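Chain IDs A, B and C follow the sequence of writing; residue 1 opens each chain.
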Amino acid sequence: MTVVQTAPASVPALDPPDRAPRTRRKGDGLTAWAFLLPSIVGFAVFFVYPAVRGVYYSTTDWNLLSPPKSVGLANYRAAIHDPEFWKSLRVTTYFVVLSLVAQLAIGLVLAGIMHRLLRSVMVRAVLLLPWLVPNVTIGLLWMWMLDTNLGFANHLLHSLGHGTEGFLTDPNLALPSIAGITTWAGIGYIALLFYAGMLQIPQDVYQSAQLDGAGEIRMFFGITLPLLRPIIALVLVVSVIGSFQIFDVVAVTTAGGPVGLTKVIYYYIYEEAFHHFRMGYASAMALCLALVLGVLTWVQMRLLRASTSDLG
Amino acid sequence: MRRAPTLIGTALLAAAAALSACSSSSSDSSNGNVTLRYALWVDTQAPAYQDCANAFHADHPNIKIKIEQTAWAEYWTNLTTEVTAGTAPDVFTDSVAYYPDFQANNQIVDLEPYVKRDHVDLSHFRPGLADLWVRDGKRYGLPKDWDAVALVYNAKLVQAAGVDPASLQNLTWNPTDGGDFEKLIAKLSVDDHGRRGDQPGFDKNHVKTYGIVLDLDAGAGGQTSWGNLAVANGFQFLDKNPFGTHYKYDDPKLAETIAWIKGLQDKGYLGRYSQHSSLGSDAVLASGRAALGMAGSWMASTYLSNKKVDFAFAPLPAGPAGRHTASNTLSDAIYAGGKHKDQAWEWVKFLASPKCQHLVAKRAVVFPAIKSASDEALSAFRSQHMDMQAFVTETSQPGASFLLPLTDHAADVAETVQNGLDAVWLGQDSPGDALKKVNDHVNGLFK
Amino acid sequence: MPHLTTGQRVGRTVAQLVVGVTVVLTVFPVLWMVRTALTPAGDLFGDSYGLWPHHPTLINFKRVLGMTSSAAARAAGGSGAQLDFLLYLRNSLIYTIVIVVGQTLSCAMAGYALARLRFRGRTAVFGTFVGSLMIPPIFTLLPNFALVKQLGWLDTFPGLVAPTLLMSPFSVFFLRQFFLSIPREVEEAALLDGASRARIFWSVVLPMSRAPLFTISLTLAVWSWKDFLWPLLVGRAENTRVLTAALGVFLQQSPNAEPDWTGLMAASTLTVVPPLLLLIFFGRRLVDAVGFTGVK
């Protein structure tokens, strides 16, 4: 570092040190584009081009084998009149609500306890394990645990005197079970996100509240939650987008069944594209999903901006 | 500064590994050796076809056969995806129900020119099998095997119920009161307190052993369950079969049959569909959770070689229109996008030859299509103390076996029927309404 | 240690119980998976639910690793299909490492350019990248599949890694935000010293950015390891099949149309081992990295 500091002394008159020398700026353009080249190539070829093609495909009737046939807005009209499409949106919304409420509630409670009581790294590491494991594995694992005849869950129910439950095959239980599985998978990660947010709250806020006689629970609702609002909002936005696109667990456990009660929108699109080879229709639905997510994100971002941090 | 070299080094290493692994599923090496991929779904038959593959390789040293097995539930979606991606196997097992879809999209090869060129003998197949694969003068497969469906039962449980096994040979059934068949099923159902289904106080909510287990996930024809009963009730799937264009799923005779089966569920004689487990019927029967079932002849070796449970077969019950069994047949098809069609034809020809079919017959896992091989399979079953008489009885009567629906749009029809029936089994729709919706949708595909 | 009231003591115990129960609920299914993997298939129907199988065996692992003959595999409850999960493990590792290295480097360069370099069109480029964050992956998945098919890259590693090798909007955004927050003095000093931007990037900025680079690498690694649909569609041949896709295919090969549970659990265990090792050796950094992504 001493080398750098003595350098200016040996160089002829320069601009004051708080402004970077102008001569350097001219070269930036070339360097910048060189730095950006890989990303821009990747972006253009595998993002922009497919997105444009996707819009095009959504106006065609295409089965991958023969050339696409243009049909205008027919796919969109079909989607609007397709009960399966609306059903899958309903199913997805139901799933998102169930799984989000569970994950946020449990995640906040867990984070709060870890923040105030147990700072163990080991606990946090253990809780993170499901997040590192592929969703396919998680789906298989739980399909086995919840199996009607051989699963541990039903064995437990039997030993408690309760009858058998078809967790993934009963129309009333299938979607809640899927929500339960994804909650199990995501709870550690969400709790850790909130925990990190809580770390930013200065301890003296809690200490002065305690001196005033506040209990842990009151402090949680009165101090922690309000100060955490922006983080909660951010986690909410990201989780909604993520949950709307659930696929792996459904694909491996129920394949959309029973009677389409777990056929989330992502799975319906996949089925149309790769089981029925209606690529045009699938692309149209994918575009609709993109629009829905865009609107949801915009709405949530506005709410997010509206909640400024009370940390000052 | 230390970071960049290690990063780049790892990347280069990974890239090198990737490039070395870069070969796709090419089946060529430079010295003229060819590896053909062959797909099938029944895992118990894989060893039999491996025997054929070995014998074939001995005759054709430059052609190797690689057998790929995918279970039934995913076989067709898997295959269609591979066909669309251009990576389908060179030869694949084809079913009578599915081949029109491939043929309509020009995805399988017309074998007629090869058959004529090599003078393949078509007369040694069981009557009627070879012609099913001909459409508009073109031939899309050579017969591989045939099958039938019969009742399978747990001999010990039947005995414990005080039922004489001989009475199982001539059961009657009707959709109104279920006939002998329902009486038997009721008798075989036992609740947690040991009460049988035909005794007062039978607790249908706490059943220990179900009288019957049925495969309710049985495709467009209900091959291993409702199809047999429906046809025995006088139901016909189509205006004409094969290649009809007007389905009759809205026929009340079918609705009655479906309603009767749903009734079994409601009475506690049949396990509830909302709790149907991942186990196949054979596992349910093997665990003693059910006493009776319907099984295809391709499952015979699985049941009859079970050392813990004594299984036996009996003919299906006779309905108002007599006794009928679904009889399906398979062939081997050549993928039109394959790179080695001539070699593929050699393999298909071999699969349809007496030499291969006799090898398969010896394994006692399936009934091959060639008459003599079929007889040999029967002897092979007998020599392993497997009594297949029920299947023979059923199929020897003229008109007793029926063909599953063979039309275009097979995959769509199967899915529509399955979804419609699922709603019925789960109590979300009545048989009549569900089947009418199914029929309207299915017939709409042909307009 | 402040003096606790009874109420507070009870509260504390309850809270500790909650965490304890959560840990047990998190770990138990994984343990059960391993327990099943060590159980012979025939024993599954025996109604035994002890934590340890009566006759533990390694046959299921041997089956999925391709170390048994077809006949032995079938006898042990499998379908006899030739499996080679070691190969699939290798493929998953290649897929993950290539994407992590490629994308981290490429996005670091892009993030730096967008944060530090002045050039015309900077706002436009950054705006486009951020805007594309709103596009769900499914929308580009179908056309990317068609594109990869047209390029003849189906069933090859280039096809597998192509869409994500060079960039993802999130990585660029994240790294750009970070580079914005580094104090300029160090770079300015090096500039005055005559270093080029490129040299500054490689020798000065990158070494300073270990934490966010690690965070992004980790996020990418976890994401690639878990990726299912894209590798399922594009990596169908044995040589390019990754663990997740292989699990899906294995499920489809069930004997007699019912799942080969012991085999599936053995294969699933293999997908858990690398993450578990990661946790054991990098637990603290992992846990801290998660907080870093969310909070910053």
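The criterion applied here is as follows: a contact is a pair of C-beta atoms (placed from the backbone, for glycine too) under 8 Å apart; a residue touches a chain by one contact, two chains touch by 3 or more.
The model shown is predicted, which means the values in this text are computed figures rather than measured ones.
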Query = What is the touch distance from chain A to chain B, in steps?
reply = 1
Ask   = When the contacting C-beta pairs are counted for B-C and for A-C, which pair yields the higher total?
value = A-C
Request  = Could you give the separation in Å between the centres of chain B and chain C, each centre being the mean of its C-alpha atoms?
outcome  = 38
Length of the line joining the C-alpha centres of chain A and chain C, rounded to whole Å = 15
Per-residue multi-chain contacts in chain A, two or more chains = 64, 143, 147, 150, 274
Ask   = Going by the touch rule set out above, which residues of chain B reach two or more other chains?
value = 278-279, 287
Inquiry  = Two or more other chains touching the same residue: where does that happen in chain C?
reply    = 45, 105, 149, 233, 259
Partner chain A, residues of chain C touching it in the complex = 7-8, 11-12, 15-16, 18-19, 22-23, 25-27, 29-30, 32-33, 36, 44-45, 49, 105-107, 109-110, 112-114, 117-120, 122, 125, 128-129, 132, 134-144, 146-147, 149, 162-167, 172, 184, 188-193, 196-198, 201, 222, 225-229, 233, 243-244, 247-248, 251, 259, 261, 264-265, 268, 271-272, 275-276, 278-279, 283-284, 286-287, 290-295
Request  = Give every residue of chain B touching chain C within the complex, in rising order.
outcome  = 1-4, 7-8, 10-11, 14-15, 17-19, 21-25, 43-44, 46-47, 50, 68-74, 78, 82, 85-87, 278-280, 282-283, 286-287, 299, 302
Inquiry  = Give the list of chain A residues in touch with chain C in this complex.
reply    = 3-5, 7-8, 11, 14, 17, 20-21, 24-25, 27-29, 31-36, 38-43, 45-47, 49-51, 53-54, 57, 64, 106, 109-110, 113-114, 117-118, 121-137, 140-145, 147, 150, 152, 155, 184, 187-189, 192-193, 195-197, 199-200, 215-217, 231, 234-235, 241, 244-245, 247-248, 251-252, 266, 269-270, 273-274, 279, 282-283, 286-287, 289-290, 293-294, 297
Key: chain B residues touching chain A - in the complex, by the definition given at the top   = 77, 80-81, 84, 105, 205-206, 272-279, 284, 287, 289, 411-412, 419, 422-423, 426, 428
Note = Touching chain B in the complex, chain A uses residues 63-65, 143, 147-150, 163-166, 169-171, 257-260, 274-277
